[in-house]
Structure formats: structure tokens, C-alpha cells
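A, B, C and D label the chains in the order they appear, each numbered from 1.
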Amino acid sequence: MEICTGLCALMVESGANSGLAQFMSLLIGVLLVSGVPLVTVIILIWVERKIAARIQDRIGPNRVGPWGLMQTFADMVKLILKEDITPTAADRVLYNASPLVSFASVVLLWAVIPFTPFHFGVDLEIAALFFVAVASFGTLSVMVAGWASNNKYALLGAFRVVALLVSYEVPLVFALLIPVMLAGSMSLVDIANAQSGMWFVVLSPLAFLIFYISSQAETGRAPFDLIEAESELVAGFNIEYSGMKFGMFFAAEFLHVFTNGILMALLFFGGWKGPFYYESPLIAFFWLGLKGSIIYLTTLWIRNTVPRLRIDQIMAFNWKFLVPLSIGNVVLISALLKVMQELQLSPRNFVGASVPEMLPTTIVLFLSNLAIIIYIMGMLRKRGEEMRVSSQQTRRAFVQASGSAAGD
Amino acid sequence: MEFFKPDLLPWLIPVGPLVAFLIITLATNRSKMVPATDHHEYGGHHPDYDGMEVPVVTTRSRIFSITIGVIGVLWALVISWMTIGNAFNVHHFGVEVLQSNFAWMDTGETTLNMGVLIDPATVIMLVMVPIAVLMIFTYSIGYMAHDPRQSRFFALISLFAGAMLTLVVADNVLMLFVGWEVMGVCSYMLIGFWFEKESAYKAAIKAFTTTRIADVVMLLGIVYLYMVTGTLSYRDIMYNPENLELLVTTTPIIFGGFAVSAASVIGIFLIIGTVGKSAQFPLHVWLPDAMEGPTPVSAMIHAAAMVSAGIFSLVRLYPLFAAGGDPHHGIMTQPLVFMAVIGSFTALFAATMAVAQSDVKAVLAYSTISQLGFMVAALGMGAYIAAAFHLITHAFFKALLFMAAGSVIHGMEHGEHHVHEHGDHGHDDHHDDHGHHFDPQDMFNMGGLRKTMPVTFWTFLIGGLSLSGFPIITAGFWSKDEILADAWLVLSEYGSGTHGLVFFMLAAAAFLTAFYTMRQISLTFGGDARTEAAEHANLGKGLVSVTMTAPLIILAFFAIFAGFIGVPTDFPILGSIFSPEHNAFHHFMAESLPLPEATAGYGTLPDYHPDAPPFNIIPVATSFIVALGGLWLGWFMYWRKPLKAGEVDPMEKFLGPLHPILKNRYYMDDLYIWLFVKPSQWFGKQVIVFLDKGVIDTILHVIARVFTWLGDLVKVLNLWLIDGVGDGIPIAIYNFGGWLRRMQTGRVQQYMLFILAAAVIIGLVLVVSSGAVTAQ
Amino acid sequence: MLELNAISIGFFIFTIFTLGGAIGVVTTRNLFQGTVWLMVSLFGIAGYMLLLSAPFLAAVQILVYIGAIAILITFAVMLTRSVTRVDERYIRTIPSLIGSLVLFLILIAGVTIPVFGGHEGAPVVVKTTHDFGLALVDGNGYVVPFMLASLLLTAAMIGAIFIARDEET
Amino acid sequence: MIPLWMYLAVAAALFSIGVFGVLARRNAVAILMAIELMLNAVNINLVAFWRYSETNTDLLLNGYVFTAFILIVAAAEAAVGLAIIISVYRNRRSVIPEDAHTLKG
């Protein structure tokens, strides 16, 4: 921000129209902020490939540059040089526009992400809402891409994606409401600041879990990766895309995952809070990056180890489990918060407080969340046992039947 | 609870029986259809029911109805006692009373209030009515045990009791009248309860119409009272000297020429109401016929409720009757004279008829009329308290007597049934052999019942002695003695005139009372059985007989001891035992009259607070003589040498040609038939022949002709004028609609285009006009 | 008259978005493209709301219109795809065009000619989203309409599901 | 600062375009989209009036709140409208309101 205002002043001094200068400097600020994710994604692709390889007992990229660091640049060059195909039956405008929208929807998110307490694109008072709103662009781009390709598989993939994204947006938003309620603000800066005493992940682990699962689905990573579902849909909605257009979808997905990591770090893990974060913006930025990266790594871990689910399983899991759970969680926490507000125990009273001051609040909220989790776990275990028993019975019946058949 | 405030509690008293009535009527009155047989006691088998199915109440409904009815009465009893307790807590009760009311409707300048009032008169009724009613209910459990309509019976007597209690707690004449009329309806339905019997439904109609005549007159009195005073509340009229004086000084419009005051006219009108309700001469004819109802109903009507209500209303309104005169100093007003004449005449008149009756209940019915005559006469002499006293004691012993008589009848029926079952001839041909129906109520069929029904005998004896006024030990003696004492006071101090005769007439009536009572006891219980049925008469065993004997015992207690609350203070020996300071009943009751201080300033009003009549040996001796003499004569004629079967009544020989007259009730019924019924029938017939068929029909026919002709004319007009117009308009509308419907294309966007066009036109108009306005 | 600054430049950009998108919606032959044009138009309107310092409304506008309604319309377009290729775009083109134009002229006259209410109010102090949230749950504010609106939405959703449900399933 | 009338003018234009779309388009979905345009024109007006004309008392957020409610109503309307369109389509294989004129006079 300081850079923007400084630049603006400079331009006005050098004789430019003040309004125009303002506009231009804003434009430059926007470019600066969106530059961060653009650079990040280049590294991310390498990291992802490397880690996936290690988990799958491979080496991963190792030829281009030291440890294969330059592999991404090589790929970029390849993608740019590739022939840019537009199918003749496709809707030309939309076909070309959708990768842009897809990538833009992720980059737009970075506008509200505070890198340090004082370095951010814009501190919107509705940042959380902005996050949800912008996420809908992602849905849109997928839809448009699938339709504009004029390809059967692409359209089917697009339908699946839209169903998935729209469905999982519900628990996502409900989970997002919890930190908003705890902090009493939708601004990400305020939310991060409210966690100086205790991270919200401790106050509300359930909300974090829901958010984590939903965002995994939102980004379309395994076990929710039936967007692509290579075995069924060949490549999903982007089947007709090639060259840099495909690269943009690709990059957008990778970036989206990392962005979600950063967002979770901000919402649940105190953002840039860490030892000495106030000493220098770089240290604060380092903590944020570290936390985001750890979360990112866990998602990678999950992606590479868990098998894909069927669409009906995904939908049932969402509508029959996650949505009721998230609604119940919101209702319970909000009622609890109202009571605690009366008792002067609400987290809002402890913005910038230390850990001991925050302790009573923490204990109450954590225990309440724990109670729900234990209840849910018990329910799930019972259900699982029932299913196990029934499957065993089926198997036994089958074995008996075959055994008797053999006896005859 | 708001309702447990003493002032509001009386509202709850009638609620119990009334709710019981509703519940029984709506919920527990379930019947099942069974083929009609002789075993159902419809008060006699009805020939029309042969081969038909008749409704018989189910056992469960029977039990529920009984339970609910008894609970309702118990409720009334408990609340009454609580109310009485509250009343005794009130300081200077009588001047201060328990009351609450609310405005029911506005009638111009005045407001008609509904409310409850607990004053001494109410309290004594609340002592008597619930106990008597409860006894009657208990008795009915057994008495009606085989009746196919027992639920209905309990519903009706519950309503009856509720109406009576409403009447008792009412604080105004209108509410009293409401209870009064509801009782009239109930009495109609209960007297005609066994409507299969022709005599029963005729008796019901007779009772209803007779009392209605009186009620209409009474309503006139009430209306006039309201017109003059603008209120109907007892306290506002009877306890308010201003209103009383207003009544006395007002000259009525219609009877102004007869030198009477409004108070007199109203009083006489109201008394006529009582004459009907309490069966005084000449409207007494309904009451003996009312014996057609079940015996508990007779007890209800004659003792606890209906006739008492008549006397109670007179007691209530007494200050009105006495206003303008001074009965304690020999100045009698017209209503008092009216009451004295009617009452004393009725007392003697009914007593003479009673001696010649052979029906066990008819004797009691005439006895009731006679005793009510005593009370009315007492009121006519200003013996307000004595009347109330006799009302209470009479209620107890007359209820006892009726129920004992009912037991006797029940026992006789039982005996007859027994005879049939064990007789030589078969059950079926019994009716063919005996043309006439066996009458279980005829005393000449009885005799010797003291052996088979000892409890009934002893209680009947107690009741009978109380009725006769057996000296000292019975309640009847004390109350009757007080009436005679008052009558003697009037006679001795103010001598001649109409009131002079009262004492002698009442004394004669008392003598006859003792005589016919002893006659009845002797014929019923004395000697040996005159028929087979009487020999086997009993009440059976088990719960039924208990419910029919227990009330008798309880009432017998009251029939003896109720009198001791009113022993005169200066009566030798006993006075100092029971009334050391003052006559308790007298002292209590006198408070419900206006205080002397209150009426002192009003010249036309008497001193309402009389002292108890001083002790005088003459009336007491008279009481002794008439009671014992009458009893002795009865004993001499009937008990000493009991009648054999088939032997004629010694009275027939003794009275000679007078006996048929008395037995046929002085031919009063026939007289009424010739005097009223036949002329009205004749008149009705003439109306049919001349007025209806002759005059009205002719006019109608002419009018009809004219209109038929007119109709033809109009029809012609109709065809071308009205039809032309009437058809033309719809056709025009139809055509227009057909043209218009082409606009209705069903295309929604076209409609919207129309809307837009309209909006644009309106917008243009607005723009142009507001632009023009602003431009100026 | 109008100084050239970020806001005015934004206004013009958004105007192009809004009106261009709207014209696209009513003129395009391809309905799917129509939905995309609709989104463009709605995006412009969200921009207006940002300019009018109602960022919450802007975000909700995007969330609800682009994220929900437009997607819904897209689905409807695809579900009714077999007949969406209607040869004639318009019916009653001329009367509709005339009517719309007259309406537009009247409205423009209303808003521009000062006589008809072209009143210039000074921008007032801006309320924040916080105020808005408080007003929605305030007993003196809009809590009853708010609840009614939520009820309406629930009812509409249930009704929509009921209407669109396949009879066989 | 942008004057109020500019917003109003844009809204008027948008509204008129919406009206044209509603009246002239044949496809029901297109009509629905045009209705959305009209609603949004109203939204612009409401927010603009709120921003420019509302007096600054404590709780006066009428324009703002109205806009929010219109969003809600629009969502409900779109859901129900599309449901009806799909239902009609299922029954008549047509999404053209002109064809659904059973109620014609």
C-alpha cells in the first residue's frame, strides 16, 4: 500500500493527472499483488511433483537444473511452444476466456490475503465473503470450459465439477462462519489478529476439519478428483485444451490448493503469528508461508495416498454428513458464543491477549467441539461396525452357499 | 384462588349438579336396544311396545350416571357447608351479607344485575336443600335400580337440584324466576317420566299448565316491580327502606281505583306465583296428580325443592308484603290478608280431603298442600320466622314420609312379583285372569307391613308423628306450635276480622292432620296383611335396600331433632335447656329483615323485627290437644281393630254422603274441566268453524282469486316486456364478451406488452402534467 | 464536469460491462452465451455497488447472482437444450422495441431533467457492513423482514424442488 | 464524484433493455434472464438512492436492506421460475411461453 501511495505521489509530481495517476498506481499495485502467486505457482509445481514422486517411491524431476528445479520452466516453454488448438465446433470466445477466468479466480483471492499485518492487497471488511464470492468464478470457468469445448466428456466432467463445487460450497461457508463468528469480523487481518492468544484450530477443531475436507473437494484433489477421473472421463472438462490454456487450468489448480493452505493458516492457525513476527515483515511472511506450506503438504499427502470416491458417495457424504454437521456446529457454537458473550468470555474480548488469559474460553469451546467430535465418531464407529457385520454375514452366506454347492 | 373468596364461593354451589346434568346428558346416557318385556318398569307395560325394541340404559352408563350425579350433589353439599362456615364468620351476619354480582345487561337508565347473595334465609335453605337432595339421590339409586332410563332420571333430578340451588343463592327476583322455571320444566319431565302411562303424561301436562298460569302472573309482578324500582335485587328492594316506601306510595295505574298501592299489587301477583308453585287453593289440583312420577320425584317436589321454592320466595319477599301495614300491631296489608285467607283455607281444605284418600301417596300429597297452607297462613299473619321454621322441618319429615311411602310401594311391588313367581298359576295367564291392574299404592291392599319392613315402619312412624306435631319430641311440634302461637297472638290482641279465624282453622287442620296420619300408619303398617302381596312385601337384600333405608334413618334424625333449634325461650324447662338466651333460629332468621333503626324514619313501613311471640298456655295446650286427639282418634278407629281384607273404610260410614265428595276432591277437577277445559275446547271449535273456515278462508279465497287474475295479467306483461329486456341484456353482454375474449390470447408476453403500454401512457401523462405544473 | 479519477474510470468500465452484457443477453442467439453475457452484466452491477461503497452487497451480488442464479440458469439452459436452438429470437419485435424506447425516454427524462426530480444529494456518511448486520438483527430494525425473507427463501426452495421433481422418481 | 443521475440513467437503460427482453424474447429462460436484468436495475437505483439521498440517522439502511431482500427474492424467483420452466418443458417439450396458451379466451 505504501508503495502504491508513493508511486501515486511520484506520478502526480511528474505532471500526470492526479485521478489518472491514482488509477495507474492502483493498477501497478494489483500487478504486484498478483505477481506473488504467479511466482509461487512455478515453485509449487516442482514441489508437488517432487513430493508425489517421493510418496510413490520415485525420484521425480531431476534432470533440468539442480534437483530438477528448472523442470517447471522447461515445461512452460514446452506448453508455450505447443500448437494452440481450438476445436472447430467449440464456442470460440468462451473456449478461450474460461482458462483466464479460472486462473483469475484464484489470483483474485490473493488480493485479500494479508502477507504480514501491514502488507496486503486490500483489507476488505468482507474478505471472507469475498473469498466465497470469488470461488464461484472457479465454478463458472469450469462450466464454461466444459460447455464451450462442445465435447461429450468435457460436458460430463463440467457437470460433475459444478455439482461437486456447488455442494461442497455449503459446508465450506458454514465452516468459514466459525472463525468469522469467533473473531467478530470478516476481515482476514482481524481474524488473524484475534488469534494472538490461541489459534482458532484449538477453539474449533471441528470447523477446521470441515473446512479442510471441503476445500480439498473445492480444489478437486483426491479423493475428490473425479473432475479429471482419467479412467472414466479421459481428462474431464479440460480434455480439449492444449498448450498454455491447459497450463493455466493446471496452474490454477495447483495455486488454488496452496491458496487454500494459506487461507487455512490465516483462518485457523494464526496466520503470520509466530516468534518474532513483529520484528520484521519478512519473519511474519515466513511464518505464514511455513504454516501454509505444512497444510499444503498434508493435502498432497492425502492426494497421493487416498483412492478416488464415486460421485454418489461424494454427494451422500456431503449432503448427509458434512452439511448437517456443519449446520449443527454453527448453531451450537453461535449459541455458546452468545452465552459466553454474556459471561465476558467471548474470544472477541481477547483480541491481542496472551495465552493464559484466553485459557477459559479455549477450554470451553474446545471441550464443546470435542464433545461433538466424540459423539460423531461414536456414531460413525457404530455405523461402520454394522456395515462390517452385514458384509461378513453376506460373505459367510456366500461361503456357505458355495460350500453346500460344492458338497452336492 | 379467586373463587374461594367467601363472596364468590356461592357461585359454585349450583355448578356441581348442573355440570352433572350436562355430563350425564351428553356423555354417560348410553342405551342399548333390547326387546320390550314386562320386566322393564316403564311404570306399567305399554301395549304399543310389544315386539318392539326399547332403549335400556347400559349397566356401565347407569353406574357412571349415578356416580356423577351423587358427586355433583356432594359438591353442592360441601360448597354449601363452606359457604355456611364463611357466613358464620361474618360479623353481624344478616346486616352484612356475602354477595357478589355483575352487570348482565343495561336496560336504559338501569342495569340488570345477576348475582349471588348469602343471608340467613339462604343459609337455612342451604342447610336443608343439599342434605335432603343428597338423601333423595341416594334413595333413587335403589328405587330406580331397575328402571331402563335411570341415567336420564339422574340427569333430570341433577338439573332439578341445580335449579333449586340457583334459586336459593340468587340475589334477585329474576334469577329466582329462572331457577323457578327450570324447576317447572324439570317437574314436567319428571312427573311424566313414565310417559307410557296415560295418567302420567296427563299429570305432567296438568302440572305444567297449572303452574304456568301462576308463573305468568308472577312474571307480571316482577316486571311491575322492576318498572317501579328499577332493580330486582333483594337487597336493593327488601333492605332498602327508600325503595319500599316508594313501592308503598306509588299508586298503580290499573288498580288505582281500588285504593291499593303498587306494593300490594306486586305482592299479590307474586303470591299468585307461589299459589301455583306451592299448590295453594285454587291451583292445588296439579299436586296430587304429580304423584304419577317416581317417588323420589315426589319427595323432590314436595319436600326439598319445588313447593319449598314457593314458600322461600314468599319468605324472601316478605318485607314487600308487609310494607305499608304493621302485622305486629294488627294493621294488615292486602297481600297479608290474601295470604292468610288462602293459606288457612287451603290448610283445612286439603286436610279434609286427605282423610278420605286411599292412595298412600295421595294422603301425603294433600298433607303437603295442607302444611304449605300453614306456612302461607303464617306469613299472612306476619309470622315470618315461624313460616321459615316450618318450611325446614316440613321439608325433612315430608321427604322422609315420601321416601318411606316409596319404600312401601316398592316393597308391595316386590311382594306382588314374589306372589306371581311362586303362585299356582302361570305367569302368562295372570293378566288374562285379572282384568284390573294390581294397585301397589292402595292402602287397603296393605296392612301388617311393620313386620316385614321394620325400618320403614319406624321411620315412617317418626315422620308421621313429626307431621302430626306429636308434642315435645318431634320437630313438627315446635314449628307448628310457633305458627299457632303467632295465630293466637293475632287473635287475642287484635281480635276479629279475617285473621281471627285463622287460629281456629289451623287448629282444625292440625287435628285432621294428626288423624289422617294415624289412619295412614294404621292402614299401612297395622293389623294383618290384607293381600298376598302385602304379606310378602319387602325391600329385598343388598345394596339396593341399604340405599333405600339409610336415607330414611338419616332424615328421621332430622325429623326429630331439627325442631330443637327453635324452642321458644320461655317454654317451661325445655326453653332454658335449648334456648337459654334467645331462640336460636328466631335470632338468626330475624337478621335477614331490615333493622328497626333503618325503617324508623319511614312512616309507612312497619317494624320488621318482631320479638318471638310470648309464651302462652292456650296455643300450646291447643297443640297438645289437637295432636294427641287426632292421633288418638286415628288409633281408635284404625289401629285398635284393624281392617280385614275387603272391609270398607269406617270413614265411609262415619261421613256418610260427605265421603265421596272428599274422596273425589270436592269435584274440583271436574269443576275445572267444566269451567275451563270444556269451554276452551268449545271455544276452540267455534273458532275453527266460524272464524277459520268461515271468515278467514273466505277472505283468503277472494285474495287468491284476485292474485290469480293479477298473475295472469303480469304473465302476459312478463313475456314480452321483462323477458325481452332480461334476455336482451345477457345476449348483449355475451356478444360483447365474445368480442372481448379475442383479446385474451393466453400469450403472457402480449399481456405484458399491454401493461407496458398502459404504464407508458400513465408515465407520459405524469411527465407532461407535472412538467406543465412546474413550468407555471 | 466529471473529473477523471479511479472512480469515474471504474464507473465507465462498469457501465460498458453492465449495458454491454445486458444487450448481449437480449440479443444473443445462443442462450448459453446469453448466460455468460448476463454474468458480465451482473459483474458490472457488482462493480457499481463497490463504487457506491457497499462492498458487502457487491460480494453478495457476485455470490448470489453469478455463483447461484447464473449457474442455475446455465443448468436450465442445458437441461432444455434440445429446444434452445430456436430459429426466431423475437416475436412482436417492433412494438416491444418502441415500448421499451418510450419507457427509456420517459425514465431518462425523469432522472435527468431537474424538474422531474434530478435532485443532487450530497453523499452521506457511509454505513459499514457491521451496521448492516446489526440492523438486520435489531428488534427496531429489520429483523422481522429478515426472518420473513429467510422463510420465503426456504418456501421457494421447497416449492422449486417439488415443482421440478420428476413424477416417476 | 459521480452524480446520482448517472447511476439512475444507467439503471433506466438497463431496465428498458430488460423490458425489451421480457417482451420480445421467445425463450422462457431468456425472459427469466431479462427479468434478472430488471431486478438489477432496481438494485442499482436502491443502492444509489441509499448512498446519495438517505439522511444520516442511526438505523436508516432502507436502500441497503431492500437490495439485500431483492437479492433474496431474486434467488427465490429464479429457483421457482426455472423449476416451472423445467416442469413445463417436461410436459410440453417446449420452453416458449407463446406455445403455452391454453388459457386463451
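To be clear about the criterion, a contact is a pair of C-beta atoms (placed from the backbone, for glycine too) under 8 Å apart; a residue touches a chain by one contact, two chains touch by 3 or more.
As the structure is a prediction and not an experimental result, all values here were calculated from the model.
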Item to complete: Specify the chain most distant from chain A by Cα centroid.
Response: B
Fill in: Rounded Å distance, chain B centre to chain D centre (Cα mean)
80
Worksheet entry | Whole-Å separation of chain centres (CA-atom averages), chain B against chain C | 84
Practice prompt. Just give me the whole-number Å value for how far the CA centre of chain A lies from that of chain C.
Written response: 29
Worksheet item: So how far apart, in whole Å, are chain C and chain D when each is placed at the average of its C-alpha atoms?
Response: 6
Item to complete: Quick one: which residues in chain B touch 2 or more of the other chains?
Response: 749, 753, 756
Item to complete: Two or more other chains in contact with one residue: find those residues in chain D.
Response: 19, 23-24, 98
Worksheet item: Could you say which residues in chain A touch two or more other chains, in rising order?
Response: none
Worksheet entry | Pairs of chains satisfying the touch condition | A-C, B-C, B-D, C-D
Response to the item:
Note: in the complex, chain B contacts chain D through residues 740-749, 752-753, 756
Discussion item. If we count contacts the way the header does, which residues on chain C are in touch with chain B in the complex?
Written reply: 91-92, 95-96, 99-100, 102-103, 106, 109-110, 113, 115-116
Discussion item. Show me the residue ranges of chain D that touch chain C in the complex, using the header's touch definition.
Written reply: 1-10, 12-21, 23-27, 29-30, 32-34, 36-37, 40, 43-44, 47-48, 50-56, 59, 61, 64-65, 67-69, 71-80, 82-87, 89-90, 93-96, 98
Worksheet item: Which chain B residues qualify as touching chain C in the complex?
Response: 749-750, 753, 756-757, 759-760, 763-764, 767, 770-771, 774-775
Response to the item:
Residue set of chain C touching chain D in the complex reads 2, 7-8, 11, 15, 18-19, 22-23, 25-26, 31, 34-35, 38, 41-42, 45, 48-49, 51-54, 57, 60-61, 64-65, 68-69, 72-73, 75-77, 79-80, 82-84, 86, 88-93, 95-97, 99-101, 103-104, 107-108, 110-112, 118-127, 131-132, 135-136, 138, 140-142, 145, 149-150, 152-153, 155-157, 159-164, 166
